[in-house]
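Every chain is named by a letter (A, B, C, D and E) in the order it is written, and numbering of its residues begins at 1.
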Amino acid sequence: MNDDLLLDVRHLKAYFRSKQRTVKAVDDLSFTLKKGEILGLVGESGCGKSTTTKALLRLIGNQKKEYLEGEAFFEGEDLIKKSDKQMQKIRGNKIGFIAQNPMSSLNPVFTIGNQIAEVPQMHQRAAKNKAWSIALKMLQKVGISDHETRAKQYAHQFSGGMKQRAVIAMALAGNPSLLIADEPTTALDVTIQAQILDLMVKLRDETQAGVLLITHDLGVVAEVCDRVAVMYAGKIVEQAPVDELFHHPQHPYTKGLLASMPKIGSRKKLIPISGHPPNLYEMHGGCLFQERCPFAFDRCKNVEPPLHKIAENHQSACHLSSERMNSF
Amino acid sequence: MLKVWNRYRHNLLAVSGLVFILLLIVIAIFARQIAPHNPYTMSTAARLTGPSSSHWFGTDQFGRDILSRIIYGSRISLQVGIIAVGVSFIVGTVMGVIAGYSGGWVDSLISRITDVLFALPDILLALVIMAILGPSLNNLMLAIGIVYTPIFSRIARGAVLNIRDSLYIEAAYSMGVKKIKILWHHILPNILSPLIVQVTLSFAFAILSEAALSFLGLGVSPDTPSWGIMLSSAKDWMELAWWTAVFPGIAITLAVFSFNSVGDGLRDALDPRTGTGN
Amino acid sequence: MGKYILHRLIIAVPILIGISILTFFLIRLVPGDTVTAILGTNYDPKLAHKLRSEMGLDQPVILQYLIWIGHVFMGDFGTSSFTGQPVLSALMERLPITLELALLSLVVALIIAIPLGVLAAYKHGTRADYASGTFGMFGISVPNFWLGTLLILIFSLHLHLLPSGGYQPLSKGIGENLRSLLMPVIALGTAVAAVTMRSTRSAMLDVLNEDYIKMAKAKGASNARIIWKHGLRNALVPVMTVVGIQIGYLLGGSVIIEQVFALPGMGRLALQAISNRDYSLLQGTILFVAVTFIMINLIIDVIYGWINPSIRYK
Amino acid sequence: MNRDYKPFIRVDHLKKYFPVAKNWRGKNSQYVKAVDDVSFSIDEGETLGLVGESGCGKSTTGRLLLHLLAPTSGSLFFDGQDLTQLSKQALWQKRREMQFIFQDPYAALNPRMTIQDSLHEPLKAYGEDKRTRSETIKTLIDAVGIPSQYLNRYPHEFSGGQLQRIGIARSLALKPKFVVADEPVAALDMSIQAQILNLMKELQHAFNYTYLFISHDLSVIDYMSDRIGVMYLGKMVELTDRDALYQEPLHPYTQALLSAIPIAEPKRSKKKIMLKGEIPSPVHPPSGCHFRTRCPFAKAICAEKEPEWVEMKKGHYVACHVVQEAHQ
Amino acid sequence: SSGNSTKDSGTSAKTDQKPVYGGTLTIADLNDAKGLDPHKETSAQSFHYIENMYDTLFRYKDGKYGIIEKDLVNDYTISKDGKTYTLHLHDNVKFHNGDPLTSSDVKYSIERIIKMGVRAQQFDAVKSIDTPDKTTVVITLKQAVAPFLTFLANPMNAIVNKTIVEKNGGKLDQADAGSGPFTLVSWKKDQEMVLKKNKSYFKKGLPYLDKVVFKAIPDSTARSTAIRNKELNIDLQLTAKDKMLLDHASGVTVKSVTGTYWEYIGLNVTKGPLKKKEVRDAIAWAVDRNALNKQVKFGQATPLTGGPIPPGHAYDAKLDTFSKRDTAKAKQLLADAGYPDGFSITLKVGQNQDQVDAAQVIKDQLKAVGIKVNIEQQEDSVFFNALGKKQFEMTIVGWVGFVDPDEFFYNIFHTGGAYNQQGYTNKEVDKLLEEGRVTMDEAKRKQIYDHAQKLIVEDAPMVFLYANKQSTAMTDTVHGFDVNPTVTTKSLESTWLSK
């Protein structure tokens, strides 16, 4: 195995069970992430992106109705097998987490500094003033001006972009080797989004941490990611380096997405994907995309296409692309 | 509707409350058939006798059968609940809807009135009103009705304000639907659920208030078999006869408990967000 | 902060004036009057007339109101027409007792209810949660006067452990004082405890679903830290609102509880004033209760601001 | 583009101030200047795109145009008539001809009414009889692609894309001439977004609607509009033809916005203009030019004087001191 | 009437024991005093608080009923025509502030009583008050007033200190202006009033107690619990139920005498069916006083089967009309009056629990003869207002504290009587009552009142129910306390506590 390998997820499954039904939010997911790499996980709303992050952080899987299976090797150790106590030592320390909604991710009743300082206090047993100076340093690092006053302020005194910076500072305070960011810019305006993405790339360059970046915006992916995994209905349907994916998409879903996106300067008529994504609890055999797929044929209805290699570093889960490979 | 019931069904407390309320209604309607004795008949010989096979809950200081009085008392409690809550529900809702929908000085005026009424403890206000009206069952219902009017007004106003700004109201308006129609078709049906919840909770309050005012001697007339009156006179006798104080109290508690738990259950069932107790 | 309090006080003035008008005129709608109450069995029309004109009760009501409110603004609440005692001194005599009863009930209730509510939320869905839910529901359903009566029945009449009524001032020693308030506090505080417990539980459940709790978890905080540090203080924000509403209940409930336990507080005074048609005393009492209510709520709001910095006022 | 249409909508010096604070005497003392002196016109059959970041006043402008909000000052001509001068009844009659499409289709439908009832409502309000109503609705439903057997369902039984189709159908039921579409696709997934955009274009083609199309997404605006207006903090800063805007944006804010938007084409090197700071509070906007606090080219004059709304080239309006000076 | 009252230690059982000085006695009553001004107060509750701070010219004899003895007065004479009273005061009496009590204080006090209005009518006949010297007072009346000494013995017709009155702006609501055995220390409304020993009391050697604490405990159960727990020494007024309970309590003695508190059904003779004498009579026959006594008073009251005066005083034993209930007769009377099927009527009551209870029993009893009673309970103030304005049909109330027969009859049954709420008029009765007022001869007076009672009972403006026992509970350590029909705490001056 590669020395650079940071995260190796294999056959991860996360289901939500209730009396009426089982939602297969994440179903047999496998991917890897290297040190210093930014992996983009794209997909439409409800396809299981957030559930993936929660499973990796083991924020789910502790209750009976949450079912978790598979392996997730992080620095050689399987996260899925860890106890809650062991996970507490890893979260915030070795794995930093940046939440989707900065507006609600900060505790309104404690100062920002206090919340950042909590991380070294918990994980490094740092003394109060030591932790505070770490917090100040982190705020400075994420580009918050006047950080000494700002540290003593509360979340409601911060603007959206500043809150997201504070959340990033909090995620970095434990010096993590893996950063999981769940749609870190979705709630922000474009000009602010550009600032935050820029910051994240810069921080990655500095710390050489691996970044798992969740987003639904292909534009964001194209700008900052090294590699992309496209998710559809709880599964990864295509995985490739960024250039490869945008220029030689293999899966009909990926192709559809690219064709349906308006592009500035291009007057081409958009070609939408017909229909809408399936319910994650009414799944039947075969390819999940087959109902919306213009190329679907008999096999698609019955046999679920596995994710398989079609080129170096490029995988797709489509009968068609595998056939094309075979025909070479 | 079915969904609401499905959510409600799983709340054990709420279901038992509902069952008890239905039971209470049956008891109140068929009091004459169910009660083992006449609740007014006195007997010097049988005064203050403890629970026995002929008087399950014992007798009071006049030898009247306590069980029968409790059974008849359910009529008073339900009557007070229905009328008092009816009054406050109708008056309060109208006030609140007018305040919330029209805004401006009408809103200010109505809101100030409710503020003033809110700054006085319920019981104190009810006492003063009872003192004005004089003790009788009708006045008691009116007094409790007045006291609980501001709650409905506030809830209705809040709900209207909440919904008034919602997008589908603006949408209807933008498509030329007249304001009064919007009020009737969109606003009223949508503010109903918090009001219904409050109706059940107020029912519980009304029963408690009747008991409390009667307990203080400002309630219904003293020979009425009301639970509050029974408790009030039991206070003098409980040392000799604990049952005079214990059973009417249990009746009040159970009735109030039932209405509260139904209200609670409804609130959870009507509001899918509070899916906390599955 | 000071400005905020001032602002709140200014807002309270119209409410108090509203209350003063309301009570003043309401009371005058009450049939019967002070004079009949004073004379009681010995009612004699001639004597009654003489007393009425002495008390100024034969003047127009509006004039009576203006005279009264004018005096109130100068701190003179008049004298009780029934006992001849100055209203203010009567109120000041009673206020500490009601306040002690209400605040003691509140504090005891909070000390018990908040941890229970937090635990119920933490163990939510378990038997302990259902048990506490049922208990809480009983707590808000049981009439306080009945609970008081039962306590007397058990602890005074049968076990002879506690006095069945009466108030022992602090000057008689804190032990005696607390002994005389123990049962009243339980009777009055149970409902408050139940309501607080229920609202703490549901507030805590809401808070535990918040993003910042997930964030705290993602930071590696332990469960205890999440609940007691990150959760509780946020959960207290809605709980404080509920507590504010409870103040009204406590003051109203003390009318009944003071009657049950023969405590000479403001509630009892109000009741006497009503039955004696003691106008100036009743007006003064109601105004005082309203002021107390508003003041305690103001204090709660200040605490509220302390708990929740986003509504702290500059 | 073709500019020979007759002006259909014209707004002059339109302002909308929302009171946000009252002083101790209950008088309004502070305002959000949501729309602050905006002038433009829309021709018949044309689509004007309105773009800008959150809170800049796009929706307020849309609402003002339909007179759902009364303007604080300014005039507003619709088909030659000043809406601000009309009686209630006349306004109500006019209302038929102008309609709104909402960003959140779910919130815009009464959750307790079947979509059938919701669709009937506007027609009923204008006194159409039942048969005409049913026929109109049938046609519309077909046009937006909702099967008619779904009519008895409630809003929560539909997906977001379907709901937006229903919302569009409802807005068009009265056969309006002018439609304000307020971020109609912002809540939708990217695979659905293209369906709706295409639908709106087709309908416009068929019925010659005039559109005001609001979005914060420049690529969507680009796809839909003939002309585009850019707003910043209550002001319109630039307005011109679509091509002119993308090819030679004049205002520094437009330039920054264009460069900040992530493009779904990896490694397409583009010069980024990173804006500093964030959008100031609309209650206390900066003096002079509102954008000057973030503007990379700000000069002394920008703080002193509000820039004028000037037609720099034919049909190309800009409000910027720097640009105007450069042209002199 | 003779000499010094201190020799007689009332009804104390253990007269052989030697009094012990010192100690604090705690005594509980139903309600607190409204105020402390003896000339202003009307409620009996207030009297119990006030009377120990003041002295009166005469007083009721301990343990006896209707017998008057001297108090501040050392010696006195009444002229033959009953119009001139010459009173000689003790010369060693001092007010609590040290001022001597002199004849001018007496004159001032009587004039103040007249001015205050409450008991002015007792002194209506006063023509002049002269004070020839410091210890002599001569009161001249316009005509003879038979109960005049009784009036002077009323504990609220007390002698007050002019200086103190004036210092308090004419008000004594919160102040002590007396010369009595105890002086006021503190009064916390509805909590307690504390009195301490007056060391310079004019009766040598009295009082024994250092301190007396009065407590107002409205709840009878609370009072009886407290005395059982020995938190109290005296529970002044027991309800029938508490008497029953306390009779068996250890360390507590209950003493009772027939009291002056009598209760009746008032019938408004100016309204509806009650205008007819037969109807009123029918009600009188239909009421079962013995059953009522059993149900409401645990059989402890004395049923009034004749007139209103309880046994022992101006009581007429021969007048025993209603000793047995007769529903047949009642029905006959109703039929005669034109109500063979009875009628509906409202019975108004106040807040007195016994009367509320009695109303329920009477409702039950009258049902037997076809009269349907609706009970309407009102708050006392509203209730008494309604009574004063004759706004009632039937009511249940009681009178208390009368000592002289004139007090019993004149105000209630005379056409112009101040408390004639029933609207009762009978010329013959009026004449008899006027005569009784001015007749000084005891025997003749009794005859007059016997006759009046007979007429009243026949007319039945009231249905007399019962006279209550006055019961007091005290711990076994209390000695020398007088349980008096008029309910008084006056004997606290000679009460003492054993260890």
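Assume contacts are C-beta pairs under 8 Å (C-beta built on N, C-alpha and C of every residue); 3 or more make two chains touch, one makes a residue touch a chain.
Note that the structure is a prediction, hence the values are computed from the model and not measured.
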Please identify each chain that touches subunit A as well as subunit E.
-> C
Chain with the smallest distance from its CA centroid to the overall CA centroid?
-> C
Whole-Å distance, subunit C centre to subunit E centre, using C-alpha means?
-> 40
CA centre of subunit B versus CA centre of subunit C: separation in Å?
-> 22
If you average the Cα atoms of subunit A and of subunit C to get two centres, how far apart are those centres in Å?
-> 53
Give, as an integer number of Å, the spacing between the C-alpha centres of subunit E and subunit D.
-> 90
Counting only residues that touch at least 2 other chains, which ones in subunit D make the list?
-> none
Which residues belonging to subunit B are in contact with no fewer than two other chains?
-> 131, 134, 235, 238-239
Junction residues of subunit C, two or more chains touched | 30-31, 157, 274-275
State which pairs of chains touch, listing all of them.
-> A-C, A-D, B-C, B-D, B-E, C-E
Interfacial residue positions of subunit D with respect to subunit B in the complex = 66, 68, 92, 95-96, 99-100, 102, 104, 107-113, 121-122, 125-126, 170-171, 173-174
How about subunit E: which of its residues touch subunit B in the complex?
-> 219-221, 239, 241, 245, 291, 294-295, 349, 351, 353, 356-357, 359-361, 363-364, 374-379, 382
State the interface residues of subunit E toward subunit C in the complex, per the touch definition above.
-> 34-35, 37, 40, 42-43, 117-118, 171, 173-174, 188-191, 215, 217-219, 221-222, 225-226, 228-229, 231, 351, 379-388, 397-400, 418-419
Parts of subunit B lying in touch with subunit C, wherever the complex brings them together = 12-13, 112-113, 115-124, 127-129, 131-132, 134, 204, 208, 211-212, 215-216, 231, 234-235, 238-239, 242, 245-246, 249, 252-254, 256-257, 260-261, 264, 274, 276-278
Using the touch definition up top, name the residues of subunit B that touch subunit E in the complex.
-> 40-42, 44, 47, 61-62, 131, 134-136, 217-218, 221-223, 233, 235-240
